[in-house]
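First chain A sits with chain B, and in the next complex the same chain sits with chain C.
The block that comes next holds the complex of A and B.
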């Protein structure tokens, strides 16, 4: 007699299969992986060009009888070649996670299959657990693919020695990225379960993502939006004034984009931001809170109808 | 034609957007983003001024000349840098939402077929919706820029002259055209995709590529952005010598600039930064030469909007497909 897997596992597997077939989520996931590859090339190309500029400048300075400073490229860790990856995780990676979270719930609400779940002996908690498991698996696979692409790229790039400690840091960066993606995926899932309309369910997490990525860094650190997505400029210190100190402190609990940025910078050897360890732990706490919100929304979803108004 | 179908459809769409406060919410959201950028920029500038004054006072107290420290330059319109960037990112996203909403309001309520059973030509239906969207974008951005001008006047303590207001009006016109491109794209996608949600996601994928990724690639490929503070600054190389060295990297710079130029956002940014004097080379320059130099950016944005508008009217609508999802 074959043993039937637990209900939450069945729901998770079925949902994962659905996401693989879902065109938009797959396209965004594929875009993310392609951008991860591009980011590796960008990092290498830009650093290599800077190195060549230094060599030309050194010749120029010597000819002018001036002192030649040390090559600033030598201070750059090989891991920071992947600095653009952190930006792409926070842009297209997050958008892909929002779409996955939304589709995992919205498509079932729209198709009207929730009453079928309601007619079966399925615990609401098992339904919620299955959906969250599917989300975790999907974003985990996305982060793992990005990690493998990054790993292979390092092996292919010429003259880029990576120490065992740096490999560990590189792995840590992808774990942190998976947590960040999970946060927004869970938020989108909860919104898709609670919203009256399908569009609102999608627009709320997108709006929150826009606010934490582009508005909060402006308020807390006077960081313009384009600087906020430049991996080097984004790490600039906030102006040393009482206003930025207080606002930064007051808005820190919701500045999750900053938590991810400083955590990623530490893993990729770009900067040792003060309290980056705390930022990473806090990101985990917010991700858990987002999953609790999604679980609450999913366990309270109306199984007798559950569809959208329009 | 006071009661033409085009006018009736446009009026009805605007009324709908006002009734459910959609346009109010997105305008307030963009205003908050733009104003917070302006205010934080002003606070940061005041810090620079205070630091300068303190350094100057110290030097004078020591009996030294204050000429050796550079005083911070103040041009009120330059404080709008963050606000322009918020418009190029969040404004474009709002354009997508308005376009999506214009199409989906008929799809969701299954009223499209009903509208088309009336004596309304399909182009009138599309043009009416498009006109409503353009009016809402123009008014929304107008309110945002008026709010920015008022706050700028208050925080800078310097009255804005006619020249400043003309420059703001030019940026408003260009911002309306720029955001309209995203509105038209999203409206077109939502009318032609079999599933409305897919259209929204596709719109955001295009937004992500054009607004964030292409300019970001161009920006991060800039050799001067690879080292904190800039590679030339670290090497203490003067501007004319930098240009001499960069001559050897012409093809690299062409590729970098080409990636940036592929994005309509970069054209809007280049035009606005030049007109407002945000970019150093244009600060204090009269409008005439700036407009001549930036005519390519201007033409690029107008042609994109025109192309998308033509596409919207040229591709036939399939109401039967849109009535069911």
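The block that comes next holds the complex of A and C.
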């Protein structure tokens, strides 16, 4: 007798296989990985150049009998070399997560296979669990690949020692990134399950992502859009006016981009990183809420024909 | 074909001479004391429109039931309720002895469903598709069951082909295969011959009859084709604007009305939307 895996695991594996064959999701996932590699290379290249200049200068200074200053590369945390990764997670990573979350549900609705699930002895909750597991696996793989790329980069960097504490922080950054991606992926999944049309199911999470990433920071902290995604604290504080104080306070619960930015800054040892404990906990709470929303939408998905309205 | 009791499997094995496959009818199916389907006042409403209006109907085990009706009569809505895809707003039904409302999982374990224009994963092969659905149905030795099922449907040649490249008839056969993988007691077919050419219709009809004969499956089939009803069904029901306006056994109908053309006249007489009058 063959041991049959649990239903939710079967659905998750089939969904992951399906996503691998989905061109849009695969292309965005591959783009994210390539950009992570580029960001690692840029960090490595910048450090290596600084290091070489220092070594040449050190030889020259020694020959001239002058004091050799300490290597500037050693003055900054090696983790901050990976700061561009946070930008790519906020941009292309989230977009990839949204597309993956959407396709995991929308492509099956479009394919019209949902009645074949609905008429089988499968609990709706197992179906929802399978889809969420597939999202977790896809997003986890994306974050893990980015982590491995960063890890290899550090190993290749000359004269950049990473302490055990910093390795832990580095791992923490990717866990935080995975939670952030999961949040938007789950949101997209829930919208794809509830929306009447395929395009609306994709537009809603994309609009929310754009709003929390680019619009909200302008309203709450007067940040320009480029600064909004950068994990460096704003060079200037938000204007000390009642408007920014109250709007910042009122919209803080949905400013998940800020939560991620502050958390990433703390993990990557960025200068001026604000206290991030509360933000990270809040990001986790919002991610759990997004998954609960996705689970509810998937448990109640209409399986009579499953398709979108024409 | 011979039937034999096998205590090891607590049921009745079905072996066909000259064939490799061995089917299995559970004892419940072989000795089903209750009706295969027992619908009581089943009702479905969408906003102000009553799609199915107090449908009450009994179908005996082993019957091939043809459900006739005009477009929008409520046939598909009825199947969606009976397959637990949609909840009725009133009434209930027992399928293979399981209550639709109280025990939907029990119902699902005992039914197979082939939707109209069956759609499958285009990027999987027929074998991968069936393996997936066999595993979802928690069938022991799914690979063996998939091959047996393909053999039953004379479709082993389709196993390696990608479903996306299949003709409508081939898809319909794989759709039928996924529905009978777990050897259900009741098989629901929604317009199974829709869009098929005459050869495809004949192949499908033969398969349905074989499933009914060899496995004792009760078949509930929505259709428009009166000629198919006459060749396939043992009883028919006619639904008009959500109400059951006719239900009888085929042998009685044939005795009363004779050939297909008379049957067509009977059907049209029951259709107020077509003729402007209904059977009194």
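The rule is short, and it goes like this: the second predicted complex is superposed on the first by the 265 of 310 C-alpha atoms of A that agree within 3 Å, B and C clash if a C-alpha of one lies under 4 Å from a C-alpha of the other, contacts with A are read in each partner's own complex, and residues count from 1 in each chain.
We take it that a contact is a pair of C-beta atoms (placed from the backbone, for glycine too) under 8 Å apart; a residue touches a chain by one contact, two chains touch by 3 or more.
What you are looking at is a predicted structure, and each value in this text was computed from that prediction instead of being measured.
When the two structures are aligned on the shared chain, A:253 is found in touch with neither chain B nor chain C. Contacts of A:27 after superposition on the shared chain: chain B is touched, whereas chain C is not. Contacts of A:69 after superposition: chain B is touched, whereas chain C is not reached.
Of the two partner chains, chain B is the only one touched by A:244; chain C is not.
In the superposition on chain A, A:202 contacts chain B only, with no contact to chain C. Once the two complexes are laid over each other on the shared chain, residue contacts for A:277 go to neither chain B nor chain C.
Looking at the shared chain after the overlay, A:118 reaches chain C, while chain B stays out of its contact range. Which of chain B and chain C touches more residues of chain A is settled by the count: it is B.
Applying the stated touch rule to the two superposed structures, the chain B and chain C interfaces on chain A have no residue in common.
Contact residues on chain A toward chain C in their complex (touch as defined above): 1-2, 4-5, 7, 10-11, 14, 18, 21, 111-113, 115-123, 303-305.
Chain contact summary for the complex, chain B toward chain A: residues 29, 32-33, 36-37, 40-41, 43-44, 47, 81-82, 85-86, 88-90, 93, 97, 100-101, 104, 108-109, 196-198, 200-202, 204-205, 208, 212-213, 215-217, 219-223, 225-228, 231-232, 234-237, 241, 244-246, 248-249, 252, 325.
Of all residues in chain C, those touching chain A in their complex are 80, 83-86, 105, 108-109, 111-113, 115, 117, 119-123, 132-133, 135-143, 178, 188.
Of all the residues in chain A, the ones that touch chain B in their complex are 23-24, 27-28, 31, 35, 38, 42, 45-47, 49-50, 52-54, 56-57, 60-61, 66, 69, 72-73, 76, 83-84, 87-88, 91-92, 95, 99, 106, 110, 197-199, 202-203, 206-207, 210, 214-215, 218-219, 222, 224-226, 229-233, 235, 239-241, 243-244, 310.
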